[in-house]
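Each chain carries a letter (A, B and C) given by its place in the written order, and its residues are counted from 1.
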Amino acid sequence: MVSTLWSNAVALAQQPPSPVQPIQPPSGPSELGSYLPIVILFVLAAAFAIFSVLLGPMVGPQRKNRAKTEAYECGIEPSPQPVIGGGRVPVAYYLTAMLFILFDIEMVFLYPFAVSADALGLFGLVEIFLFIATVGFAYAYVWRRGGLDWN
Amino acid sequence: MSAVLAAAAAEVSTGEAIAFWVLGPVALAGALGMIFARNAVHSALWLVLTMLSLGVMYMVQQAPFLGFVQIIVYTGAVMMLFLFVLMLVGRDSSDSVVEVLRGQRLWATVLGIGIAGLIVGAVSRSLTDVPVENLQQQNAGGANVNNLGKSIFTEYLFPFELTSALLITAAMGAMVLGYLNRHEKGMKRTQKELVEARFRGEYERPSPLPGPGVFATANSVATPALLPDGSVAPESLSRLIDSTASETFSDEIKSVAGTEPGPDAHALTPSTKDTSTTDTKNTEDTEETR
Amino acid sequence: MTRAELLADDPLWLILIKAVVLLLIGPLMTMFMVIFERKVVAWMQHRPGPNRVGPWGLLQSIADAIKLPFKEQIIPTTADRKVYFLAPIVSVIPSFLAFSVIPFGPQVSIFGEQTVLQLVDLPVGALVILACSSLGVYGIVLAGWASGSAYPLLGGLRSAAQVISYEIAMGLSIVGVILYSHSLSTGDIVDAQRDGWYFYLLIPSFVIYLISMVGETNRAPFDLPEAESELVGGFHTEYSSMKFAMFFLAEYTNMVIVSMFATTLFLGGYMAPWPISLIGDNYLNTGWWPVLWFMGKTMLLLFVFVWLRGTLPRMRYDQFMRLGWKVLVPVSLVWIVVIAGIRAFRNEPNISTSQILVFGGVALLVLIAVAMLIPDKRARAEDEYLVPVTGGGHPVPPLDLEVPKPPKRRSLSEAKVARKPAAVPAGQSTSDTPDKESE
């Protein structure tokens, strides 16, 4: 049964793009042109942000003293070795970031699947189930070893 | 505008050329900046720039899904991991000059030349042998993601399932490298255990100490808070502030009265028995003297 | 003509107008949200809220906005200056860019030009928003790091870990919507909801999205990065003046973005809600009217944000991460498999009911097996030494507790004695509890 599903799916995938699509006019919208508005918005947003950040020192008062420019630690003397210098950040953050990559990749694979799920049919379902189950295995392992616990 | 773009669509459109000549130098600058930046976090940021321009280049080359995935996965997740790791090490930790791996430079040179050769080979081959495809027909009507999904889940099924194996390896590697068994003895209590211990009475009180009465009656943190019945809450005062003021005051009293104790034999060693008079006990003092 | 074609025909001046309007939405909504939030929270707490500037204090946020640039900007000496300047910019730009793919309305005519109320309609629109939010995290991490101070660094890391954790849940909750709409384009997602909005068709996805959108924007009850009692102001402790304003702007703009995205994904986007859609052959769903419905739905979600803030206490960090990683992620994965399965079986013509039942049984068995794999809580092992909180050493009031009478009001002279400052000359005590300072 799987083999028939497979052949079905391959046949589906090798079909030329469905005949509905060539509504595209010959001088139709260039794909590149559709990004132009985003570029314009980016330029405007960047100009706004940079202008705002530069505005502060231009119009604001400048009355600095040593106490003001010290790192804020609730009024007590700043610790001579701030966390950044000698201190360490808990390793749990590293684990979280690693798990984030793992699930980010899984998520990214799920999108094309979700878009073409109906075309792929049952065979696609079996595949994606295997995929989720494999990642789920890694997830269960991390859970079991306590990698998801914080304190 | 679209007419201009469409007119030049034969080989490389103007828009694509402009995009390339903007993004290419930016990507290159990011790569160079990564190598030459002194600070590790700055290096990572330069690399982010390179990744971003690569992502945008994919979009320019008619691969919008790939482009955004590049931004989401590489700049969003992978570089974030890099930043976390760099912060784990600390900002000011300077590069170690001592070589830990023996012959590291030699191998780095050899492998570097090898990779450069591979890249040159691949690029030259792609310039001559690989046919140029215009994906406009394939991508029409937003079918980019759909076609991608179909080919991943049929033609490239095996590499796809291999990816999941890779992900498992990554997760286990991370666990092995970064794992701390928090439930062994001597480890810090978790927040939950701490809360339960507080309510079981293992600590002095379950709640945080009350804040001082700064805004209630005065403008100073040396003012104690008042409890609902009007009495003073001595624990609301910071020991630090309280004792500093009172210590100075009592020292001044002593020096004015001339009863200051002269240096004794232990003056140069830290006092051990005398601590009860200085800082820690002031909270109780207040109650008793009142 | 399709959306993409209409948009591609936009002349440059129209694109510029749209871009400027989108750029203004962020700051305007931020200013509106500030006064809205303060007024609503005040109303929930029986206070008047801001009431000095303008009628009913409505101009308060304008006053705030004018005040901020005129504040002194202080850069700590420990800061890494380049990155310190970069961080607010990095956090604002992506939040503005995310507006570009939000569909505000259908086809309208602006100065005689037929267009759609949307800046671009990319085939991967939903990914644009996810990409923007993953870039926005850089602003937070870099701000925390560049300040060169302990509290911001911890706040920044917490924030980043929180945002990326909830981004997973958010991204997975979207998969359900895509399964139904067959497209990542935001415009198509709205169009696909003509027959029914996804918030009731895909309730689990909607709930997961709502929770993760609050976590993603660092809002109460998940506002741990700004836990005042632990971390002062979080990652922006060392920022002042306009640079602080940029973070503030980014935070509120992100709130607006996730609300608009939720509207697009689950609440039918700009389409008129049910009873209104019946009026005059759906007349109110054409022209400029849909902008009203869209903004109305967005405001509803923004009100939920404020409501949550006024209602719920802040969560502990470990509870919060547990909710994200151990509840939302597995639930969304299982849910994705379930809906993908339902759709696949329903669309397969040559599969009989008995086969579906067999497959369902197998799937159920696998699910049970997976459920067995999930480890139990360790509480069972701990039970042996776990003292019940109510019966143990901690003072718990007895059931027959007699409430002591409240003390009588003291006379003025007594009260004065009581209020005497507590700073007393040291050394007079004969204290008996030597470890008062265990905290």
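Everything that follows uses one rule, which is that a residue touches a chain if its C-beta (ideal position, glycine included) is under 8 Å from a C-beta of that chain, and two chains touch if they have at least 3 such contacts.
Chains and their UniProt names: A = NADH-quinone oxidoreductase subunit A; B = NADH-quinone oxidoreductase subunit J; C = NADH-quinone oxidoreductase subunit H.
Owing to the predicted nature of the structure, the values given are computational and were not obtained by experimental measurement.
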Practice item. Determine, using the mean of C-alpha atoms as each chain's centre, which chain is farthest from chain B. Key: C
Revision key, fill the gap. The pair out of B-C and A-C sharing more C-beta contacts is A-C
Exercise for review: Indicate the whole-number Å distance between the mean C-alpha point of chain A and the mean C-alpha point of chain C.
Suggested key: 16
Review point. In whole angstrom, what separates the CA-based centres of chain B and chain C?
Key: 20
**Study point:** In chain C, residues with contacts to at least two other chains
**Key:** 4, 8-9, 122, 127-128, 145, 148, 153, 157, 160, 164, 167, 182-184, 317-318
Check your understanding: Could you say which residues in chain A touch two or more other chains, in rising order?
Key -> 28-30, 33, 35-36, 84, 87, 89, 93, 96-97, 99-100, 104, 111, 113-117, 124, 128, 139, 149-151
Review point. Using the touch rule from the top of the page, what residues of chain B touch 2 or more other chains?
Key: 1-2, 64-65, 69, 72, 76-77, 80, 84, 87, 91, 139, 141, 143, 145-146, 183, 190-192
Point to revise | Residue ranges of chain C in contact with chain A within the complex | key: 4-5, 7-10, 15-16, 18-20, 22-23, 68-78, 85, 88-89, 92-93, 96-97, 99-100, 119-122, 126-128, 145, 147-151, 153-154, 157, 160-161, 164-165, 167-168, 171-172, 175-176, 178-179, 182-184, 232, 237-238, 240-243, 245-246, 317-318, 321-322, 325-326, 329-330, 333, 336-337, 340-341, 343-345, 347-348, 351, 366, 370, 373-375
Check your understanding: Mind pulling up the chain B residues that touch chain C in the complex?
Key -> 1-2, 39, 41-42, 45, 48, 64-65, 68-69, 71-72, 75-77, 80, 83-84, 87, 91, 139, 141-146, 183, 190-192, 195-196, 199-206, 208-209, 217, 222-224, 226, 229-232, 234-235, 237, 239, 242-243, 245-247, 249-250, 253, 276-286, 288-290
Practice item. Could you pull out which chain A residues touch chain C in their complex? Key: 25, 28-30, 33-38, 40-42, 44-46, 48-50, 52-53, 55-57, 59-64, 68-74, 78-79, 82-84, 87, 89, 93, 96-97, 99-100, 103-104, 107, 110-111, 113-118, 121-122, 124-125, 128-129, 132-133, 136, 139-140, 143-144, 148-151
Study note, to complete from the structure: Seen from chain A, its contact residues with chain B in the complex are 6, 9-10, 12-13, 17, 20-24, 27-33, 35-36, 76, 84-89, 91-102, 104-106, 108-109, 111-117, 119-120, 123-124, 127-128, 130-131, 134-135, 137-139, 141-142, 145-147, 149-151
Point to revise | Residues of chain B touching chain A in the complex | key: 1-3, 5-6, 9, 13, 15-16, 19, 59-60, 62, 64-65, 69, 72-73, 76-78, 80-81, 84-85, 87-92, 136-141, 143, 145-155, 157, 160-161, 163-165, 167-168, 170-172, 174-175, 178-183, 188-193, 240
